[in-house]
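Just so it is clear, A, B, C and D label the chains in written order, and each chain counts residues from 1 on its own.
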Amino acid sequence: MSRLLFKGNDAVIRGAILAGCRAFYGYPITPASEVAETAAKFFPQAGGTFLQAESEIAAINMVFGAASTGQSTMTASAGPGISLKQEGISYAAGAELPIVVVDIMRGGPGLGNIAPAQADYNQIVKGGGHGDYKVIVLAPNCAQEMCNLTMQAFELADKYRTPVVVLADGFVGQMMEPVELPEPVTDIPPKPWAVDGTKKNAENLITSIYMDPIELEEHNLKLQEKYKKIEESEGLLEELHTEDAEVILMGYGIVSRILQTVVEEARSQGIPAGLLRPITLMPFPEKRIKELAETAKLFFVSELSNGQMIDDVRLALEGKRPTKFYGRMGGSVPTTQEMFEQVKNIYHGLTANN
Amino acid sequence: MSRLLFKGNDAVIRGAILAGCRAFYGYPITPASEVAETAAKFFPQAGGTFLQAESEIAAINMVFGAASTGQSTMTASAGPGISLKQEGISYAAGAELPIVVVDIMRGGPGLGNIAPAQADYNQIVKGGGHGDYKVIVLAPNCAQEMCNLTMQAFELADKYRTPVVVLADGFVGQMMEPVELPEPVTDIPPKPWAVDGTKKNAENLITSIYMDPIELEEHNLKLQEKYKKIEESEGLLEELHTEDAEVILMGYGIVSRILQTVVEEARSQGIPAGLLRPITLMPFPEKRIKELAETAKLFFVSELSNGQMIDDVRLALEGKRPTKFYGRMGGSVPTTQEMFEQVKNIYHGLTANN
Amino acid sequence: MSRLLFKGNDAVIRGAILAGCRAFYGYPITPASEVAETAAKFFPQAGGTFLQAESEIAAINMVFGAASTGQSTMTASAGPGISLKQEGISYAAGAELPIVVVDIMRGGPGLGNIAPAQADYNQIVKGGGHGDYKVIVLAPNCAQEMCNLTMQAFELADKYRTPVVVLADGFVGQMMEPVELPEPVTDIPPKPWAVDGTKKNAENLITSIYMDPIELEEHNLKLQEKYKKIEESEGLLEELHTEDAEVILMGYGIVSRILQTVVEEARSQGIPAGLLRPITLMPFPEKRIKELAETAKLFFVSELSNGQMIDDVRLALEGKRPTKFYGRMGGSVPTTQEMFEQVKNIYHGLTANN
Amino acid sequence: MSRLLFKGNDAVIRGAILAGCRAFYGYPITPASEVAETAAKFFPQAGGTFLQAESEIAAINMVFGAASTGQSTMTASAGPGISLKQEGISYAAGAELPIVVVDIMRGGPGLGNIAPAQADYNQIVKGGGHGDYKVIVLAPNCAQEMCNLTMQAFELADKYRTPVVVLADGFVGQMMEPVELPEPVTDIPPKPWAVDGTKKNAENLITSIYMDPIELEEHNLKLQEKYKKIEESEGLLEELHTEDAEVILMGYGIVSRILQTVVEEARSQGIPAGLLRPITLMPFPEKRIKELAETAKLFFVSELSNGQMIDDVRLALEGKRPTKFYGRMGGSVPTTQEMFEQVKNIYHGLTANN
């Protein structure tokens, strides 16, 4: 195993190639551009295809087409581009196509700026496209996970025939860190449902049209069944000092790195804090939150947004425990000290109240 | 006042013209096509512009441009087209442009079918585009409201400089009903922030770019302040027999019409049911739900989806009262009898448990 | 009549509005951008529509659509944009739609540069689009003609139901000169063939499809008949000292302005030169060239290209008289002295040979 | 060598793959669709890339991009699509990129129909795009040549770094004939001017921008020098009984097949006819026409158009010999008998006059 220094965005492509992906269609946008740039360099070298499409919409539809033929395929963008891809993502979900989409979040709404943010949570997790569908969402917090979770994204996409989104902030995408490259995947499962233009699969049909309402309802029920199975089986999370924590800190991506330090600092000052980091945002660690609500007294959520994931925390808590939120918007990232002050004040408020 | 028979989709355009809108940019898609068709007929007659754009993306960006010049302007589509417009909607929210978007929901995900559905709730209310933004969402349940709420959409868009979505299902859009046309609006407020190509407003700037994180954060805080003000001031709802209801039925659009009948039927059979219909989905009637939770024992939510609005009901209830859900997907609409059975069984379960 | 100072590009729009055009769809490109810019300013003031389209292709198709409804309508661009419009122009020719396209030529091929050129002659006059079709081509050489010939373009477009191109070089487009604005056209003829969405013309059909080969051949024969009639009736040219000229200088647009001076200079030095300037390039002054070939001994053609119009001169001469060519490419424009040297040498070669 | 039955459109792709082309970007359109369809099947099998682009414009720009990296690459379409590609072709000519474009001509203008035609001659040979540029044009008249000339197209494209067009009519594209597949090309020359994203060619620049007029003029002079060299070296033609012919029949593509039979029939009836078939339309056999004009008395040209190539014949003849034209438009193809009648009448007119 080799250990090399990579930007998170580069590590995504390393992971994709190791996972067997050989077809990248995209369009550059800061802070996701290195994903396309690295793909342009390494996909051809791996005997694959890199194509800069006419537009974001063209790119996602090429991904749809390539996935239909059984190719492991992906695209990447940031907020504005991801918005343009919503139709295509809904189509891929409806047609049950395994595709991987990488969103390196930047400041919004609109053009916003190119600094890191986490305000696309609702768009990705709640469904920015039309119709009842869900996508699996993986939220790496370091370059190593950018590589590994991208690999896992392809595995899950194939396993469930569903779009998978790797949701990272511009910080994790731009940060350079050592990465140990895993062994390449050599056993990509066959895709007997795909169409490759030959007679042997001429009967296969890749579509999201079901004109008859009853058929479309059955198709939707099948999709919902699949999402339920994913929610039961594929949740990933990381915990730190949660066993006896009175305050559970929650955050994903770059925020979780800050919260790790804050938990250690808090513990060193006698504050019984713990960290619950969702690695998968769909499935969301609802069950674990409910369990921790038995012992913890308060949930503190921090996001680089006005608060989007916090609704999922509140839905899990069902009013059992209070929540507090601290967010920054527009590209500002809280310092460890700033975050610690928030936690300290909240804890003192909590103990004062009791 | 004249009383004429209109399809809901036609009533939208009648309302738009009465509200002073003179610029429609769109692209036809079932079941929203009559909106464009009626616009093509009546906008030119009113001295306005109808333009069928190259694509949904072109259309929303023309709306952006027209709104920038101070025009009252709109577009309309169904699911797939609305997904394509997510970038443009986020841009308009970021640039604080008053635009009106009409979504006549059909079965999804993907191409789905052209039958009525309500599965774009998350897309519209939770934000299908990128970044922290919200749009005002109005949910008519009859042709008269298709007209009146479209008029109100323009008023609210101008009042708050924000996108407003009229969110209707294909049923309400296609249904023909008598409509009393209101008086035309004659006092559209001036828009001193707009740019019209002359020197007098050359200093105005319509943009959503704020490259500096601190500036973008301030801009976002201003937007959030605006959304808060909207939530405090602009909520609309309709209630029926809620004062002593033990079971509160909730639904919007065509579902609320079914629930009205079900409430009357339930009452006639001794079941103390009431209807709470959100007319605005953003703002959501969170406060009223909390109030009713004091007396009601259970909330029954029905949607033409797998359950999207129900999360907002649950967020409002914070676990205080249980919720039950009944939905149909893919274009099927429950019959009154089918819905009543659901309510009856739930009520009996409730009383049996006590 | 008012006399004002205008750029050629501005004069185009003044002429368009005086001609009754009220619908401009375009996309900016140097050196044609002022056409769109001036349209953006004056079309709305005249109660018309200015729309910056998503692309050049979108613009020409909007022009197609607007013309179908009977609107006087236009677009403008430079080389790359005009290339993108070739499909649309062929469609408009096939559907017999009166549209006006302005081409302000710049250096090519490809991106080339933004300096003046005349290398789009073949594209416009010989047919850059597919199929047997022709367009009327007007070639102004001053700001006054930019205004007047644009007005005439609309008149001819309506008279023959055909696309008309105003073909100017970047020099004529950018040059500022006094213009006397003509009286506005007040008697635009009715267009009973158009479709306006009402029942009274519901039977009209605007199309270029004729699936049956015999029908399509008949349609083509009708078009050819029309082009023949145009060639017989609509030719415009300007002559200077041709009656006794031994050397006929030919050039259009900015080149003709240089040749005027050269003819005067030549005459002052005893060289019997004359100028034949085609104002219409289609129709081309074939008949007049044949007549002058009776007395003139040589034809000198100059273009800002490698020689494109010269083929039409040679086709008219049928070998009766020799031709000489002098061209500059890439944005360079010959000086009067440079051009005069060419003519002098050619004349001396001619007399030496005799 | 294997001998198999192919449609002309299929043979194009067989030839492309044998020539080493591994990247096809296109969009289907009748009667060219089998080119894309066969490419979709065989390019992936050959380890290459087939991509159905978002649009014709996207396709030609992908071809531009792929060619920039040194890939042998191609696209194919019919009239409307070829019109949309004019900008891209001009760009490729300006950037001196070796690309191959296949045009399977159908009836026009506009949508026209899907029957065979030859009315894109001017568009392809005279330059449908902007600026002074030319493309090499090969005009196969059978399935075997569809294969062989496509192979040659790639060779010429590389040899001169220039776009090459294979110009065929729908008849030749759709006709099924036996084809002997040549040996694959194994010695594709290196392309040291290309860019592949590595450091070793980082100094290469693929562009058609030359902002300075003098530089752009020099670039154009270099292009013209290249075109001159092509015209001197690469002309291809076929002759039949021309040595003592009084009437020279000229036609390309499917028309030349009819004229072959007509020549034999004419000879059997004592009419001294001969056939001159241009296989390359650029270079055009101007020199050979001039030679034959010494002995032949008349040139008869036939095209599936209103007469486009005939202008090049007339430019070559310079009035020395008369020309006659017979054409059909809109998809009709003359029968041998119909064509023979034309030739017979013309010959009798010729002898009667003498």
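Details
The working rule: a residue touches a chain if its C-beta (ideal position, glycine included) is under 8 Å from a C-beta of that chain, and two chains touch if they have at least 3 such contacts.
The structure displayed is predicted, hence computed values, not measured ones.
Over half of the residue numbers at the subunit A-subunit B interface are used by both copies of the sequence. Farthest from subunit C, judged by the mean position of CA atoms in each chain, is A. Taking each chain's centre as the average of its CA atoms, subunit A and subunit C sit 56 Å apart. Centre to centre, using the average C-alpha position, subunit A and subunit B are separated by 29 Å. Centre-to-centre separation between subunit B and subunit C, using Cα means, comes to 51 Å. For subunit B, residues touching at least two other chains, in rising order: 57. If the chains shown are joined wherever they touch, the resulting network closes on itself as one ring, and no chain has more or fewer than two partners.
Every pair of chains in contact is given here: A-B, A-D, B-C, C-D.
Per the touch definition, subunit A reaches subunit B in the complex via residues 57, 78-84, 86-87, 90-95, 105, 107-115, 117, 119-120, 122-123, 126-133, 207-221, 223-224, 305-306, 308, 311, 314-315, 317-320, 328-332.
Contacts from subunit B toward subunit C in the complex involve residues 40-41, 44, 47, 49, 51-55, 57-58, 61-62, 65, 196-197.
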